[in-house]
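So, here's a batch of structures to check.
Both complexes shown next keep chain A, but they swap its partner, so chain B is in the first and chain C is in the second.
Then we have the complex of A and B:
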């Protein structure tokens, strides 16, 4: 195979990987602080994509701002509304249900995702159909032989990597990160040492959901099209990445995200059959990986009290 | 049972205790009459009225001493009540013998209820969250489609094969989960549902997005799709399917109720509520989870096979996460572990959107909000599963049925 096309596929894989990683980090954060899986996470991605579309559309269309400002308002709207959605779900559903059986939380968050999804489908005009996303990033492409990537894609990739790195620094280097890690270690002891438990938990939900919403905005910029039900698959992929990488660690979900994207890209490149099988094979690989590494590639460090 | 004097003289508790079976027959017949009317009702006003009546009945059964006495009698004579219910369901078929649509509804509710009590076995008893119920249902239909098209085996055997195939696939799926703890079963089943749906959509041998045709059910040379009259009566060709569906429901109900009431059920309860304690007492967690998952999926597969044969076709459409969530909302609304609750919820969730065209579009949103409300404010469902009470075996031997 041509080296250029291979490099191009590799680049696509990296693009997807950083988006998956951003979603997966959220799962890992929520699981860390509360031991819950928030399955509405994928639909928060969609919420982010649609809010940025709305804000960018209003800023670019009605007020006629230059693309840079439209983009900025789109990203700001995605992050703000995504974080708000995360805090509301955390406050209304997850915190009250945290002592209920795990299945109840799971079902509740899945249903919350359904509510978000259906609200977008019914609330956005013509919401059941795919929506075109405006091209807000500069055009043009970097070419080298048969290798060619758009400048917009490079910018998206760079932004994603920076954000993931920034989140990592936030968790490991700041006081807020220290509080998150303390709550994740032991909520009761964290409370005794003067940490505001609720604020930390809700802050984590805001952080993870803002990341997911930003990923939704990036997806819109990359594919130029968004859809009300794109979150289902993305949520599952994000959760699968987090589980395979290792729930409860920070590096795990990032590795998992790139791994999942790698498998998908590899299927497209290596197999002559229709690329429609890429999800089928990627999920099969996930199921097999869970069988081999039950606690993820980076195992969670915890002991069980018997 | 309480013996608080009731202000209503005709149905005073003493009277009811003297004729408990009459009370059971009356109650069950009344509920089924309401259900039948609901499936038959044409106008939206009627449907809303019946819905209100049902809510009132539940409120009475839940809140008033009279209602509590009646429901206590019904659960004391549960075996008899179930038998009466079976007869009443057959009675509904006789009443609606010529009406295609009502019978189709009846059979659909029976088959979905079958799938939902199987999900109850998995979720409420064994504690395995199966988010691919609809996928296994559709898988049963596809098995029936492939079998009727390519293999000349009797159709009753095809139902068995569908059950074996879905059960086996379920167990293969569960194997990775058994090495883990917590929410991994959820992930694996959701991933399986998405995987199956994409596979069915891109696979041309299974018909792609258009799906497959399925030949109708036939038994002992009797083709269900050709039946148009029995003796002097003209009947709908859905009638034999309705009878078959209700029989399958009855078999599944009896089977899973027996499992619940046996030592297997006790083992499942223990495994669900405390894995560590269960393994301390020597119970194999993996074995009991596999048993529950296997039986549950096999039952779902059989129900799916009958559903596919009744409709004559199957498409990948019904296998998505949305439909699996619909099944789970049925069992949550009905009360985890409560079989008749699941039937009532299945009727409400499947029939109401068909009858009230206005909410068809908002169906998923309404159900999602409803389930959220129940999880937050009444976590054990509308009709909670009664706590297992073994003390009555000491007090009244043989009272359980």
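Then we have the complex of A and C:
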């Protein structure tokens, strides 16, 4: 394999990794503050993708705004609606059930995901069909021999990395981040120190869900196609990445996301005839790693919970 | 006493009405297809078309029965398909079924229909084994199979000058079947398959596979899968810089592919065992009636087959009455039946004999190849 193709595969892996990482970080945030698994997270990705498509479509088509503004309105809509979905799910389903067995929250959010998915399928005209996503980023490609990546891909990758870094800084350097970490360490003590427990939990849900919705918008820009059930497998992969990396930590899900994407890409590169098994092999690697590191690669006891 | 006299009065009022108005028995038919999920567009188009056939028949005063379509969603999933097939087949009030768009579901349910003795007519699934892989006299099919489509694909594409092929197929029976028949028919033409990528039908990201394909430099990529797979592959080809021509059989020949792939879909070739609806004598009448009925979704590529299958079933019931066994015998012997999709003739496996046709995506529509700008030389297919 020549170096250009190798570099292109590396880029594919990185791109996939940053998308998985953004979804996985959400799982880790929710688990950090409330010890819950929000299984509708993958479908929030889809909600983000469809919100941005709707807003960008209206801005670009009806109002005829230039692509940059259409993109800005698409991202703003994705983040706002994603955050709102997160707050509603957190307020209506998760907070009232927080003293119930964990499996109840898991089930309730799983069902909420189905509701979101079906609402998109039924509510969007011809919602069962894949939808084209407009190309709102600059065209053109960076070429070097057999290596060729779109400028838009590089922008998406950079935006994803910046956002993950930004989330890390928000958690570690701001008062809100401090409040999240306090609630994650001990909700009762945090309350006693005057932290508004409900606001912090809902803020975390808004943050994680907005991240997922932004990832949905990026997926649309990257693949130029979105569909109503795109979030199902992404949700599972994001969850697996978060678990293997270390549920509750910040760095863990990022490592998990890149690991999962790396294994998937490697399978296609090394064993092209077994392309169909790339998910099987990637999940098998996750199972093996979980068996070796039961609390994740970044073990909770060694890392500060978000 | 008051109640009794009221009842008598009611009976006296009802008596003069002719009893013939009330005497038309209702016969139930099952429609099964993917009504939700990524393949719901052809499923809903098929359901609407079957519904239209029933509506038109019920409006016909010459019909002996009133028909009722009971619809079931198989979600394009074999396990769900078996559940709904069992539900339909075990309901004795259902006399026949118009069944399945997805091949993976179509093949999974044949045993169920045979066991319960429910005669069905397949309206969309193209896996040959559904009719040829068994000898169940309950299973009929009005549309063609991937044998016709695969043979035509291999023949047509090599004649267009394509020599090096890559096949990307899903791992269901449908995708595997397409790979099998295309490969088989490509051998005698001298075409070469340089790589085959079996992929999961739910896979989102194809950049790794496409990067491998870019390295192999094929002339053409054949998709052995349904619309969602086709759309994703097409959308991601440009990103990786793959310039090969794209082709697929009827699984991608849907309005959903054109909508999903957008401008990038231009020039995609497809093979379908139906002729364009406008080429059929009753095609325009069907489209007018469909528009008048006010359905939300398009009939899609297989709607005319669902419509024909429903009429075929209702005509058999008109002849024999609502009796599964008797109407099955009538269906078995279908020869020279004039349907929307042309004449239906069943062979000894109750498979309609159909010729496949070539189509190309042009200006956001699937155009019959001989009528297209590509065939006329005004536009060119992709060449590596």
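Note that in this section the second predicted complex is superposed on the first by the 300 of 306 C-alpha atoms of A that agree within 3 Å, B and C clash if a C-alpha of one lies under 4 Å from a C-alpha of the other, contacts with A are read in each partner's own complex, and residues count from 1 in each chain.
Quick note on the criterion: contacts are C-beta pairs under 8 Å (C-beta built on N, C-alpha and C of every residue); 3 or more make two chains touch, one makes a residue touch a chain.
For clarity, every value in this text was computed on a predicted model and none was experimentally measured.
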{"item": "Three-chain arrangement built on chain A, chain B and chain C clash or fit", "value": "clash"}
{"item": "Touching partner for A:5 - first (chain B), second (chain C), both, neither", "value": "second"}
{"item": "Partner chain(s) touched by A:194 [first = chain B, second = chain C, both, neither]", "value": "neither"}
{"item": "Partner chain(s) touched by A:103 [first = chain B, second = chain C, both, neither]", "value": "first"}
{"item": "Which of chain B and chain C A:111 touches, first, second, both or neither", "value": "first"}
{"item": "Chain B versus chain C as contact partner of A:140, first or second or both or neither", "value": "neither"}
{"item": "Which of chain B and chain C A:233 touches, first, second, both or neither", "value": "both"}
{"item": "Stretch in clash, chain C with chain B, out of 6-14, 168-176, 258-266 or 294-302", "value": "168-176"}
{"item": "Overlap of the chain B and chain C footprints on chain A, listed as residue numbers", "value": "118, 232-233, 276, 279"}
{"item": "Parts of chain C lying in touch with chain A, wherever the complex brings them together", "value": "36-41, 44, 171, 195-200, 202-205, 207-209, 211-212, 214-215, 227-228, 231-232, 235-236, 239-241, 254-256, 259-262, 264, 297"}
{"item": "Touch list for chain B against partner chain A, complex", "value": "123, 127, 129, 131, 173, 175-177, 179-180, 182-184, 186-188, 190-192, 194-195, 198-199, 201-202, 276, 321-322, 325, 328-329, 332, 361-362, 364-365, 368-369, 371-372, 375-376, 379"}
{"item": "Contact footprint of chain C on chain A as seen in their complex", "value": "1-2, 5, 8-9, 12-13, 15-16, 118, 121, 126, 128-132, 141, 146, 148, 150, 153, 219, 222-225, 227-230, 232-234, 264-265, 268-269, 272-273, 275-276, 278-279"}
{"item": "Residue numbers on chain A that touch chain B, as the complex places them", "value": "37, 39, 92-93, 96-97, 100-104, 106-108, 110-112, 114-115, 118-119, 122, 232-233, 236, 239-240, 243, 274, 276-277, 279-280, 283-284, 286-288, 290-291, 294-295, 304, 306"}
